[in-house]
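Below is the structure I would like to discuss, written out as structure tokens.
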């Protein structure tokens, strides 16, 4: 019985957590919601740090908590990795001892991570002899991340683990997290405010609103749903399952195939035949009625308009169907009129290849 | 220095060390309980701990004497009673110095950010493990204060010891009484020497302890 | 303002009351051990009259010029008593003291308390000093010694006869130690320099030597100086 | 003598701050740099929180520090607003008292902000009776922001003040910060990792690297410089000075004019004639040799290639000149070859209007 | 209850209140200095503060007596000396209880996150203002401990007071000595009453103080 199934109730003055859901027991599930919506509270409940509330929690078949039966596995027996929103490093321990804290307490047989390896990924090798007070904000956050990873967790809870990190640093860390859940099969609950980061890393998305799970589902499905609040985001866009079909070494391009056609992207080091999810921002898709002439836009896909939604300020979100694959395009009201777009209109969707994020 | 004074010095050191050790052992869980508990008894226990302080030591000693006598509540549990024994002295000193140990510890425990404990609990540390790996090191200044106050107070303690000790050389005659006797007997020179020595010795000990503590806190 | 050794506090209160009734003067009493009072007087304590528990301290004050020369007199002589409240014993005190079951024997500190010195002399004279060595417990003063015994922590010991009230006197075994076994415990009083020109102090100084006072002191369990 | 002129030296084990610059005494200057590059250290020096180092600091003509002369104005006399990287709220005070802390200490004549107004903007009106421990991460950050604003500062230092905030919340706060520096004329130093946020808010940009100010300049100039590290960022793009020339109410569009031509954007509530800076992401600009046919791309601008830079992975950054205005376009190597782009090639730059961020 | 006992009670309360007040006033800046300073003297001062503790109170009292006498170092500065006066008692008690006040305060100050002070300094708070608006409220538990230990210890204090006070009724005779006198005189009933009353009274005070403190700390 794989899956993270929970139902928590927690009362606080002016706020009520009432979250109930069954999230996948593998992959990265993003928790997305406004400030104060209850994301941290939910993670704390799952970690067993909030004993007060009523709750039930089953993680991949193991029951961790059931208030009705009086069952409560304490946090230290849950084999978690929790990256707190504030780094929460132990002030009396040097960075090395902080990193090794959970590691030392893991039974030898379960130890998987490797200190040096994690230090390399996080770029913290030079800081091992420091105390937490002697670190910058981003450095602290990376140590906290490393500490949780070295705890050899069976479930990773991450509360905005990269909010203080710059983009290149994030780009270095994210592939590691992805590998972690694919190779080591550790489910990750990941809180973030950044749709970009989320789209890049998550497989599954749960929207949190006012202490409830508003809606949840596979990332591609959630992103293609133009009725959800995330579709209003600047970074809204569709996620597409593709397969690597070849490389063009001269131009450093990779050919990707999906149901609706072919897409060219900047070269990616993946073997031919491998599956690959890519994301196309709604703002990067433009529509035309005729096949466009010569331009720097490499990718043109034939599609049909299936749904349109006014988003205010003259913007319209258009949902397209490209051979069974949903695509989103954000266009202006004016464009819609000029092109005479309606449900069922066949269009050419132009996609700038470099805007595809992996 | 008379041989009696030297043996008094030893008894004093043994007493102070034993007492502060026992106080730390007892006071630590008590203080931790006081910080953690939501029991209604908490406040009453806090007040009780501080209570022995308000009685004059000789009076406290008098009541202890009654309790420790062979037919007293505590002494009755032993064959010969505990009055006039080293064990009795330790009990008396410990009772009297308890608040000096419990209160600094309680404050130290209280000022630990709970996030540290939560983080440790997600890192596989059991409550006991958390206590030793997080709480103890983070409350080091509190322990230093507790230990020095407890130790110093026992060295200087006098009234209780006088009352339940019986001034038996080598067993219950402590330095404070020896100095006192010299003063009473108008042997001022000896009193000055002993006091001066005690002060110097204590100063050096305290100085070393505090210096180490200060070094630790500026990494 | 009278400073008195702790063991004479109660008799002095009685004496002061009758003196106050008689003369109209007011008496203030401060108590502490003789050694403390001596140190305090040397450092400017505001006492007028000093009732010590020994002779040594008043003598010294006289030599040091802190007291009125020639005003020293013995106001009481302490009487050492063996008291064993839990022993309905009849017979020789020596046998009682030699019994094997004796755990704790209380005396006052010979070094600081006159009664302690007397107790030591008595035990030596009886040839028991060595034998009792390991069982002796010492009170800092004679009052504490009494409490050791009264609380039951020590089975018996030497106390002052003046300490034993009617009630305690009826309990257990008593033996008033013969004066021949120890040097007399003379308690001297002296008029201090501060009291030299104080009429009340002078009056009380005289009152204490009067027969009425001596009679009262005697009934409270003290001997009197015959000289 | 307007301007923030400083030179600081600060030695720490493994790190050396050696920052020297003259930043503008008005507007928002962003400090951008990798984690651990010294941004926080620099702000602390400016606030007077690091007494140890050598330093000189003049803010708009007032000398605040000159180690050589032994001059050091302590922080409480500097009339600062400092938003710390960690919220640093006073744990013993309720939110209201936290907010009012600096306000109460401001001489009456200098008080400008208004508690209720700031609470509205930050959405913290309902939290006034809470203690900081009872707040979510993002709520704490907003209180810290409010507290600094209510201190009626003459210089605002903000260390990633919005890292824990969601995008809609940011979008609400940013216009207020902009008004703050335009209306109240308070210079702001703003640390951020987010190029998007930076582009939206800053007038001036200083790049921090290894404790030094690598380069600084007006935002538009910095963004148009394809040699700087920021040009490699996913969000790289040019900033263009325009003027509002009209509104198209039917289509909810606004017409903007700049030296190189005209641009249409989603309607903006600005009066005709007002100047407006807009930003065009390099990834949103595609190039063509012929005028493109019908498409949803509204904006086509004629330009000339002035510079090209390989950025690895088959990507090329192209700098264009459109009637004197620099534009950036990121294209693939393949496109470059196919179009035969070279320095001086005249091209048509297609810009998706909705991708313009203001 | 004898009238002498009542007056002793008053003297005791006045003494304990005055002493703890003075100790808080002196101990607070001293503790703050100890926390802030980087001076080499720091450790020595810390050790010095704790030093009076190791001397038996009567012996400390003896040396104080010498110092406070009209011809002593301190007493010499006044016309009649300070021994045997209420002021003298206050000086003696304060010296003896100093460590119980300074050390808890020092620990409390030490555990304040410096970020709070830095934040306050950027919010126009001068060092003094920061001390009152941030440091004091954040070290409340330390102050409670300091005040109760200081107060209770002065109430129970005995040796020093007896030596430099001279046990003068209405002026320097405190409750602890009065109880002691009753015990000495075998007036056990009176001793029990006074001790019991003192304990009850102190318990209630301590209980109220701790309860208030606990209420504050759980907002």
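Labels A, B, C, D and E are assigned to the chains in the order they are written; within every chain, residues are numbered from 1.
Basically, a contact is a pair of C-beta atoms (placed from the backbone, for glycine too) under 8 Å apart; a residue touches a chain by one contact, two chains touch by 3 or more.
Keep in mind that what you see is a predicted model, and the values were worked out from it rather than measured.
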Note to self: On the document's contact criterion, could you list the chains that touch chain C and likewise touch chain E?
What the structure shows: B
Item checked: Chains in simultaneous contact with chain D and chain E -> none
Next item on the list: Look at all chain centres (mean of CA atoms) and spot the one farthest from the centre of chain B.
Entry: D
Item checked: Separation of chain B from chain D, taking each centre as the mean of its C-alpha atoms, in whole Å -> 60
Next item on the list: Express in whole angstrom the distance between the two chain centres, defined as the mean CA positions of chain A and chain B.
Entry: 57
Notebook entry, point to check: Centre to centre, by mean C-alpha position, how many angstrom separate chain A and chain C?
Noted result: 91
Notebook entry, point to check: Can you list the residues of chain C that touch 2 or more other chains?
Noted result: 36, 39, 144, 147
Next item on the list: Would you pick out the residues of chain B that each touch at least 2 other chains?
Entry: 62, 177, 180, 183
Note to self: Could you pull out the residues of chain D that touch at least 2 other chains?
What the structure shows: 86
Check: Every pair of chains that touch: which are they?
Finding: A-B, A-D, B-C, B-E, C-E, D-E
Item checked: Touch list for chain E against partner chain D, complex -> 115-116, 118-127, 129-130, 133-134, 137-138, 219
Note to self: List the residues on chain D that touch chain A in their complex, please.
What the structure shows: 12-14, 33-36, 40-41, 85-86, 126, 134, 136-139, 142, 159-160, 163-169, 193-195, 233-234, 248, 250-253, 264, 266-267, 283-284, 286-290, 292-298, 313-315, 329-335, 337-339, 350, 352-355, 357
Notebook entry, point to check: Within the complex, which stretch of chain C touches chain B?
Noted result: 33-36, 38-39, 56-57, 60, 103-104, 106, 109, 111-112, 136-140, 144, 147-148, 151-154
Checklist line | List of chain B residues in touch with chain C within their complex | finding: 62, 65-66, 68-72, 75, 80-81, 83-84, 162-164, 166-168, 177, 180-181, 183-186
Notebook entry, point to check: In their complex, what parts of chain C are in touch with chain E?
Noted result: 1, 3, 6, 9-10, 28-32, 36, 39-40, 43-47, 143-144, 146-147, 150, 163, 165, 168
